[in-house]
Every structure is written in C-alpha cells, then in structure tokens.
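These are the structures, in structure tokens.
Below, subunit A partners subunit B and then partners subunit C, in two separate complexes.
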Partner chain A sequence: MSVVVTPEMIGQVVISGILSGALYAMVALGLALIFGVMRVINIAHGPLLMLGAYVTFFLYSRTGMNPFLTVPLAMAALFVVGVLLQRTLVFRVVDAPELSSLLLTFGISIALVNVAQNLFTSDLRAVEYITGSWSVGGVALSKPRFIAFVFALAVTGAAFLFLKTTRLGKAIRATSQSREVALVCGIDVGRIHMLTFGLASALAAGGGALLAVIVAIQPEMGGVWTFKSFLVIVLGGAGNYPGALLGGLLLGLVEQLASLFLTTQLSEVVAYVLLVLVLLVRPTGLLGGRQT
Partner chain B sequence: MTLKGTIALTLVAALAGGSLPAAAQGPIRIGASLSLTGTYAKLGKNQHEGYQLCIKELNAKGGLLGRKLDLVMYDDQSLPPTAVRLYEKLITEDKVDAVMGPYSSPVSEAAANVTEKYKKVMVAPLAATTSIFKKGRKYMFMVISPAEGYLEGLVDMAAKRGLKTVAVVNEDTLFSKAAASGAVELAKKKGLQVVFTEAYPKGNTDFSALLTKLRAANPDVVAAATYFDDAVALTRQMKELNVNPKMYGVTVGGDLPEFYDTLKQNAEYIYGATQWEHTLPYPGNQEFFDTYKKEFAHEPSYHSAAGYAGCLIYAEGVRRAGSLDADKVREALLKLELKTALSPSSGRARRRSPCGPTTSPRARRASRRRPGTHDRTRRGPRRPPPMPPPDQTAGLRRQSRRSKIPAMSETTEP
Partner chain C sequence: MRLSPAVVLPALAVVLAALVLYPFVGTGYGVRAMLQIFMWIALAGSWNLISGLTGYVSFGHVAFFGAGAYTGAILVASAGWSWPVAALAGGIAAALLALFIGYPCLRLKGPYFAIAMLGLNEVLRALVSYFEGLTGGGNGLSLPTLDATRAIYYVMGVLAVAVTAMTYAIITSRFGLRLMTIREDEIAAEAMGIDTFHHKLAAFLLSAVGPGIAGALTARDQGYIEPLSVFPLAITVTMIVMVLFGGKGTVWGPVLGAAALFVIQEIVWARYPYVHPLLFGAIIVAVVLLMPRGVLGLLQLKYRLPRTI
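Right after this comes the complex of A and B.
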C-alpha cells in the first residue's frame, strides 16, 4: 500500500539520510585510513565499532555517566586495542598478499564477536538516555540522532584537521602516498602503521559509542558496518579521505530516499546498484582512489 | 550360527536390555539447534532454558524409558542455513536419538527438510506458521497457536473502540508475513481500513523512511509483526519521529520483561501478543514459573513455556510409544492429550474426526485461545491477558493431516 510522497516527507527523509550519513562517514574514514596506509582491508572494523558501543553501554549503565561524554573514553580504549592488534597481529600481513590480510582480519573479527558474546551475552542492550525529537517546521529531528550527528561531524572534522595540519598527520599521509619515500625521509613507518590502526579503531569506536545511544546494541552489530564502510570507501575512492566523507553522506541519502520511494526491502539493493554504477563509470571512486 | 539361534539370542538380549537398570544404558540424546546468538537470540535462549528445565525434571523423575536424557545443543545464530547444517550434523554425525525443534518459523521451516528426510519426529514448539506443517510433512508437530492470530487481539480491540484505520508492517520472514497477512485479513473483516503496509528485511535497524511514510498515512492503529530486536528498534524510532498512533502493538517482543528493561518508559502503552502468561490457572503453571525463575534468575516468557511444554509432549509420546522409533512415537503423539503448563489440555484433534468448519477442534480451540493481547505496562504485577477464559485449550496439532480444516481467513481463528 503506497503513500503519496510529499515534499515534507522528502525533507524528513533527507534529514534522516544526512544524520546517518555523517556516522557512516566517520566510521568509514577509519577503514579508509587503514586501507590507505597499509593496503589492508580491515574486516574487524565493525567488531571494533561494536566494542566501542559496549564501552559506552557499560560506562553508562555502571556509572551513570552521560553517554555522550563516554565517546572520547570509548575512542581512547579502542585506540589502545587497535595499537595492540597492530603490534601483535596485523603488522605481519602488511606486505603480504591481500588475501592474507583479509583472512587475518576476518579471523580477528570472528574472535572479537565471540569474545563479546561470551563476556556480554547476546542480549540486546540499549542506552535509554535521551529519546524523542524536536519538531522543526513539520520535520521531526530525532534528539539522540542529531546529537550523535554533531559529535560525528566534530570527530570527523578533528580527524581531518589532524591529518591535514599536524606533523604526525602529515607523516600518516606521506606513508600512505609512498612507504619507501616516507622511510627515506626518516618517518618511522612501523610506528605510523601502529598509530593509524589505533586511530582507525578509535574512529570505529566513536561511531559505536554514538550508535549505542541511537540503536540497541548486540555483539553482532558490527558486521553490517564493515560492509557499509567498505561500500562507502569504494564509492568515495579507496584510500581517499574526503572521498569517505562524500561516500558516507551519499550512502545515507541513497538508502533513505530508496526506502521512501521504493521500500525498505529495496534500499540495500539500490545502494549496491549504485556501487556497481560508480565502479562502471568511475572505477577509482567518485573522488578518485589512491594510485598504486 | 543358525538363523533361529540369532533370533533367539537377539530376543534374549532385548529382554535383558529391557530389564537393565538405567545406568547401564547410555542416555537418550536429544539434539536441537537454537538461536542462541543473532537476531532471535533472546527468544531462542528462553526456549533453550525451557528445554533444559524439562529435561532436568524428567531426569529427576528417572528419565525416559528407564534412560537418562541428555540435550545436545548447538547455536544456529538465527540463520536457517546454519540450522540445516546443524540438524544434518546432529542426525548423521552425532547420531542423536531424537531431535527437538529450533526457534522461529523460518528456521523450523528450513530444519524440517532435514528432519523429514531422515524421518525424525520433530516437535517444533516455536514454529507458529501453519504452512510449515503442510507440504506433506509427516513427522512434525505444532505446539503454539498459529502466527495469523498474533495481532488478532489488537485488531479486535481497535475495532471495538471504534478506530478506523490501521497500518501493518512486518519483518519479511515466514512468521511475520503470516502474522501481518492475518492482521490485514481480520482488519478488513472488522471494517478497519488498511492504509499502509510494508515489509522490512530481517536485521533492519533503520526505520526512518518506513516510519515517515507510515506517519503520512496517519493510521489510528499500528500493527507490527516483529520479533524482539526489530520491535525494540521500531518502538524507539517511532518516538524519535513523532509517530503516535492511538494503538500500537507488536507480535513477539512486547511480552518479554526485557522489552521494558531495554526501552524503559518508551515501552509503556504498547500492546504485545503472548501465547502464555504465568498467571493463567493451568495445572503446574505456577510451579513451572517458580522453578524456572529460581533456576535461571529471570522470568520465563511464552517461548520458555512452549519449549518446556514441547519437550514434555515429545517425552510423553515416547513414553506411550514405549520406544524411540519415529513411526511409533508419531502414532502416540497423534493420539496424545496432555496437560502442560502451557495449556490445561492439549486437545489434539482425533486424526480422522470429521472436522466441520466451525466445530473443528482447532477452530474451537482457536476461538478461545488466541494469543492474549494486553497492555504492556510492566513493573507491577502482570495483568493476565483479558481474553482467554480459563478453560481454553491448546497445544499439539498436526497440520498435514487436517486438510479438511477451513482456511485461516474463513474462521478468523489464530
């Protein structure tokens, strides 16, 4: 049974799309960083996001902390986890064929999900901190989603600024452009890899922490985020950081508009058809991928 | 050795086997796969605990056929293909003596192909979609009331209150589709106008666009055929998008204490369907509730009760058959009437009784025992569902044998 689409509904859906798109962008930026710097596709990205969500959930439920204030803590915690993962496991596959890195991160992802299932159980958990919405000109603006959107923008902005202006950020970009030259210029590439993985995990965790306030969480929530992030970075151009931002917003909008004009069932189909189209027309992604 | 000798020896062995103490024989191994993780985890876990409690109690009473019972359990992650693999493994590799059903209609539907192939009796306590039991399947038994009736109470109450329009949304899987189509049928019959329907994929977490459309349709009633996870997400996002219908009800999920624990005040004033409540005066029901709560440190849901009852029903079938042989157990189950905590009498239809359209046991049963719909303002004692009278009957039924039964839409039964 269909409903006549009004401009108001389109406005509503565009807002929903932008709100979720910013979150996609933030999480996907982490994946883009790892891919750009190490040429590793991190399948464990989603599960790392899940761990971030649980940090927020437990801090909120045990200490009653404002869940939005737990975002930096979740990011810090997962930064450490990311660095440890890189130090112990991921560095082994940086120069290996891509299949090895896929297998390794796939393994890590299974391990993380199962550890979480055992430690936290599979029960659905939610942070009922803030609900409801503001009404802006007939359009409902969800309170938790809007605050999460602001946080996602802030974190993504800070990450861009960091990459653009700081010495460390430049070193990361240099390593991503050419590892050999970076090495010659005196950049400790091993250390950069470590930091990048930490930073990427922190971005995922930030996304997870924000998600915990928006949706109910469970240990398997991460899987779909790995795929969405991957979709986003391919759309935007693999290893291209502004591309991740564009891809994220685009995916958010396309999903929502497809659900509005078609059905929720078809929105995912439309997102992947878009991916195929982009790959056909611009194989390097919308903003161009990193040259190899 | 002559043939005669062999037979004689076998006979002696059989006789000796019959009189041996239980310990000398291995336990009866009952295999099952349940959704312990994934989107149906909460519900599958309750069913698992129902099985566990049933087996524990049976063992405390000396087991079955003089043998102890043992549960071999796997996790199908709420995925039908995984369940298929696991039932294959249970039957062919683990060589379990019997199987019990998994959680949910979609998973039972998939697993049924395996259990039928190997001619294993499967009591499927949490498969509510009637179509699963048709298709010429011989060894499957249904326990709970059909999916089509889950939203009946909601639509009924809405019609009585003079509400006019209804929107029906559902997860696009077997059970939820059946529940949604049941709701649509009934709504039309009760004179309500169905203004919006849409299905969403399993595991969906973003309902913004769907709810935007739903809000534009402005229904008095929202009837959602959900499981637990999507019920939670849908409810939260309705608040976020200012979707405030006069009545809102879900199928699975709203009956669980965890629904309130997760959603807090947002869980108020939502109708939920249940197949069972602990306040119903069924024999053994209070004992089941108390033991369960003590054993697992939380309240049982209807999934627990159905799992518990399904396991008891199977065990009783084996006891009466005096054997684990699938055909004998099947015959025994077809004749079985059993009182369990889930229902006072499991009035299974006599197999070949002439079932008139309105007097068929299922129709009668159904008219009394619909999944109770009730206000879910938990905290404080749970109110029993308003509709089912205490003499309601329920339970086991075999669909495939009951071809004379009128179609769902003709009897308004659940």
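Right after this comes the complex of A and C.
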C-alpha cells in the first residue's frame, strides 16, 4: 500500500493529533494524580469516564441541554462517585501490596461496566448536537472535536492552576511527594486522598462528557481509556504531571500518523507497540520519572 | 488436623481413577461439564503461577488462550496437523507471546506488567481480525469435523493434573521460594541475590503454556472459533475470581475455586446471566478486602493445614 503524502495530509495529521491529544492529556492527568498521591493504578478510571459520558448523553437526550454545558455537571457527579469509592473501598488498599489495589479497582471496573450495561443497555448512543467541519487552509477542522479540544484545554489548565497555586493543590502535590512529611506538616492525608480520587474521577468524567459529543458511546468504551491513559503517563514519566500533557499530544500524533500510513483498525496495536517500545528503551518516560 | 501422605495419596488415586472411568458411565452433558472444569483448573492454575506466586497481576491471560486457540486451529485447518501436536504448538506459541510481553515489562517493578496485559487482549483481537487471510477475520475459522470429545476430555484432564502437579513442584522447590520472596518484597529478594527478572520471566512463560494448550484443545473441541469467542475479557475475569476465591499462591486453591465456581455458575448463576459480571466484580472486591488468602487460606489458618496444600 503506497500513500502519496501531501503537505495538507501532514497538516491534517498534526491538527487531528493535537485535538485528540488534549483529551488524552486531560483524562490521563486524573490517572496520574491518583497514582502520584496514592500509588494506586485505578483500573476503573476508564469506566468512570464512561459514566461521565452517560451523564452527558442523558442530560442532552432528556432535557435537551447544550451538551457542552453538561461537562461541569458530569464532572461534579463523578467527583461525588469518586469520593464515595475512595471513602468506602479504595482507602482500604492504599497501603496494601500493589496486587490488592489492582485487583480491587479491577473488580470495581467490571462491576461498573455491568451496572451500565443493565441500566443503559449495550446499544451505541450518540449525542448529535453539532457536526461538520471548518476548512482552514485545506485542512478540515471538525467542529465537535475542536470545541471539545478547547474545553479539554480549559479544564486541564484549570486543574494545573489549582495544583500549582491553591493551598489544597499544594497539599495534594506535597502528599504525592512524601506522605510522611505531608502528615508531619499537618496535612490531613486521608482527606487529600479522597479529594484526589474525586478530582481524578471528575477529570475522567469531563473526558467522557466531551467524547460523548464526538463519538458514539457504549458501556465497554472505558477499558481502552484506562490503557491509553496509562500509556500517556508512561510516555510522560510516571509521577510527572506536566509530562501527561506531552504524553497526550504524542499519543494523539502517533495514532493519527498510524491511521494515515496503516489503517485505523490497527491504531490500538500501534499504541500498544509504542508502550512496549517505551518500556524497553526508556521506562522512566520521555521527561524523566518523578522528581523527588 | 494432620494430612499424612498415607491418607492423601490413596484418596487422590481414587479420585483420578473415577475421573478416568467417568466418560464410560457419564452422560454427554456430564462429560462436557467435566471437560470444562478441567479447562478452568488448567487456566486458573496457570494464572496462579504468575499472579499468585509472584504477585504480578496478569489482566490478560485470555490472550494466551486465544493465541493457542488460533495457532492450533490454523495448524489443524490449513496445515493438516493432528490436533494433539497442534495443541502443543499452541502452548509454545503462547509461551513465545509471553516472552515478547514479559521481556520489556517484567524488568520493571510496579504496575507496568498489569497494564500491558490489560491491553494485550484487545490488540490480539484487532490483529486476528486484521489478518483475515490467515485467520478468517471476523468470519471465524472452521475446523474439519471430528468427534474427539472423549480424547479431548482425557488430554484436558492430563493438562489440569500437569498444571497442578507443576504448581506443587514449584511451591515446594527453591525456585518457588524465590518467586514468593519476590512477591513479599522484591527489593529484599534482589538484595539476597535473586535474579528477579529471570525468575519472574520463567514463571510467566510457564503460566502461558497451559492456557495456550487449553485454547488449542477448546478450538478443536468446538470446531469453530472467532475473535470474540476466544478473546473475551470474561475468561480472564473468571480465572482471577476462581484463584482468588480458592486461595491464591496455593496448590489446591485454583482447583477448589475452579470446581466450586463452575458448579455454582451452572446451578445458580446461569439463571441471572445479566448480572454475572457484577457478581464477579463483587466477589473480587469482597475477597481482596475480607479474605485475601481465599477459602483455602481460611482453612489453613483454622485447621493448621500445611502451607504446601
């Protein structure tokens, strides 16, 4: 299969890659936060994203609300779900061996997917609010994807601002650097864990809400997002929060390139090979690992 | 309670003899059910080898089952191999796949391995669907008709016994002790001079062979496979639940878990297929939080059973 590559096609790949990369970065930041603060890889991250997508779908289809305005509602709803999950189940395995937290969140994840299948059915659902695209210099700019990109950037930016400037954000970062020292400084680590889980679930839900506008959703959509979010934080360096941005953009670009030169059918294979290669060559991530 | 070999070995011999004679007296359904139990014992026992002994969680063990199924089916359907040889080839193919994944991921500590296994399943399914010429893609692959259920019953039974015997041999060996040291504290294990990477890799390769063979045997038994039937997440979930329920890191835990859950599944849960995954999810959460060592762990504690059980 030979492909003639024009400058427009490259431009298209770069634009599409950046558009989806921002969404990856936003969702992955949530996974990175939980991992940084609690040393827990939350397998249920993708299914939480799926729940966020359904919040948007139902608000849109039942009340006709502008789906982009449902993003904060989906985030708020899943913030509560996240806090409850942490409060009832996850806090018990924070200090346990990794096996326990992985298995526990895996159990939560299959339960959530099954609940969604029973409540919402496995039918594909779509929010057809805005379609079509703008043409900018020969490059097609999909309208829903562009608006989602702007929202993802805004939410991710706000999250970084929160982590960087507020007292709570600083407490979260302090806890992720050293839980013991944070405790000694008078930080209520249990409360930080709860907030972090809520915040991470909200970031996943935001991603899900935006995805609902772009693609059709179904209960099993989340699994691949847990995997891709992890790939993004491996690319950026585990525990390195700005790395999630770079990792997200990189994954978006690589996937778009793959769909240009190979086929979209194999885009997950490409992402997977990318993970194996990075682990083989530079397991601490492209920006280096956590700074201690 | 003391379990002396004088009691255990004859009891085991009686059970084995009964299982050998069963196809001559059992109903078609009964033989098929036993065949399934053997398969689950082999699968759960294999998962236990990597995840129960080293603590490295494999979320994608069905990938080896599927890889074995496709290898076996292609060799039988296209190359005309006899199915027992094709089944062995399925095991070898699964081990090669494990080498490919394990080499980059097991050098690292932490969750990398778990996540890499989480994605593997989807990737194989995509690849199998893509290479239609070889695999039939989404249309699936049909094998020549052959009534070999009884023969497959015996081979699957031997596989279940072999995986369990191997687990016993490993747990009672220095190799097994080193694996369990890695599980308890990998840094301490390294400090003691254990080559942790190669030990983990060896355990992982061994854990892939059983599912590979089981996959190839299942493909032969069913006569038709397609991507969705041999790569379902549900097989991984069931393996994990069986081992956790029975008791991870033990010899008989996977056997107990496979038999118990299969029977409960057939009798009770078959009526509620829609909430099946929810129940499994709940069992995983409950076992992790309430009885991390499973039923056998509780029995060991209560009746002072030997740790090698």
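Quick note on the criterion: the second predicted complex is superposed on the first by the 281 of 292 C-alpha atoms of A that agree within 3 Å, B and C clash if a C-alpha of one lies under 4 Å from a C-alpha of the other, contacts with A are read in each partner's own complex, and residues count from 1 in each chain.
One rule holds in what follows: contacts are C-beta pairs under 8 Å (C-beta built on N, C-alpha and C of every residue); 3 or more make two chains touch, one makes a residue touch a chain.
These numbers come from a predicted model, not from an experiment.
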Worksheet item: Are subunit B and subunit C a fit on subunit A, or do they clash, once the structures share the same frame?
Response: clash
Item to complete: Identify the partner contact of A:Val80: answer first if only subunit B is touched, second if only subunit C is, both if each is, neither if none is.
Response: neither
Item to complete: Would you check which partner chain A:Leu69 touches, where first means subunit B only, second means subunit C only, and both and neither mean what they say?
Response: neither
Item to complete: Identify the partner contact of A:Cys185: answer first if only subunit B is touched, second if only subunit C is, both if each is, neither if none is.
Response: neither
Fill in: Which of subunit B and subunit C A:Ile43 touches, first, second, both or neither
second
Discussion item. Quick check on the superposed pair: does A:Val136 touch subunit B, subunit C, both, or neither? Answer first, second, both or neither.
Written reply: neither
Item to complete: Figure out whether A:Leu161 sits in contact with subunit B (first) or subunit C (second), or with both, or with neither.
Response: neither
Worksheet item: So, A:Tyr272: does it touch subunit B (first), subunit C (second), both, or neither?
Response: second
Fill in: Touched partner set for A:Val224, first subunit B, second subunit C, both or neither
both
Worksheet item: Now that the structures are stacked on chain A, which of 219-227, 237-245 or 273-281 shows subunit C clashing with subunit B?
Response: 219-227
Discussion item. After overlaying the two complexes on chain A, where does the subunit B footprint on subunit A coincide with the subunit C footprint?
Written reply: 117, 224, 263, 265, 268
Fill in: Sites on subunit A touched by subunit B in the complex
1, 3-6, 9, 12-13, 16, 20, 117, 122-126, 128, 131-133, 135, 140, 142-145, 215-216, 218-221, 224, 255-260, 263-265, 267-268
Worksheet entry | subunit A partner contacts - residues on subunit B that touch it in the complex | 36-38, 41-42, 45, 77, 172, 194-201, 203-210, 212-214, 216-217, 228-229, 232-233, 236-237, 239-242, 258, 262-266
Worksheet entry | Contact footprint of subunit A on subunit C as seen in their complex | 51, 55, 57, 59, 100-101, 103-105, 107-108, 110-112, 114-116, 118-120, 122-123, 126-127, 129-130, 183, 233, 237, 240, 244, 274-278, 280-285, 288-289, 292
Practice prompt. Would you tell me which residues of subunit A are touching subunit C in their complex?
Written response: 41, 43, 89, 92-93, 97-100, 102-104, 106-115, 117-118, 223-224, 226-227, 230-231, 234, 238, 263, 265-266, 268-269, 271-272, 275-277, 279-280, 283
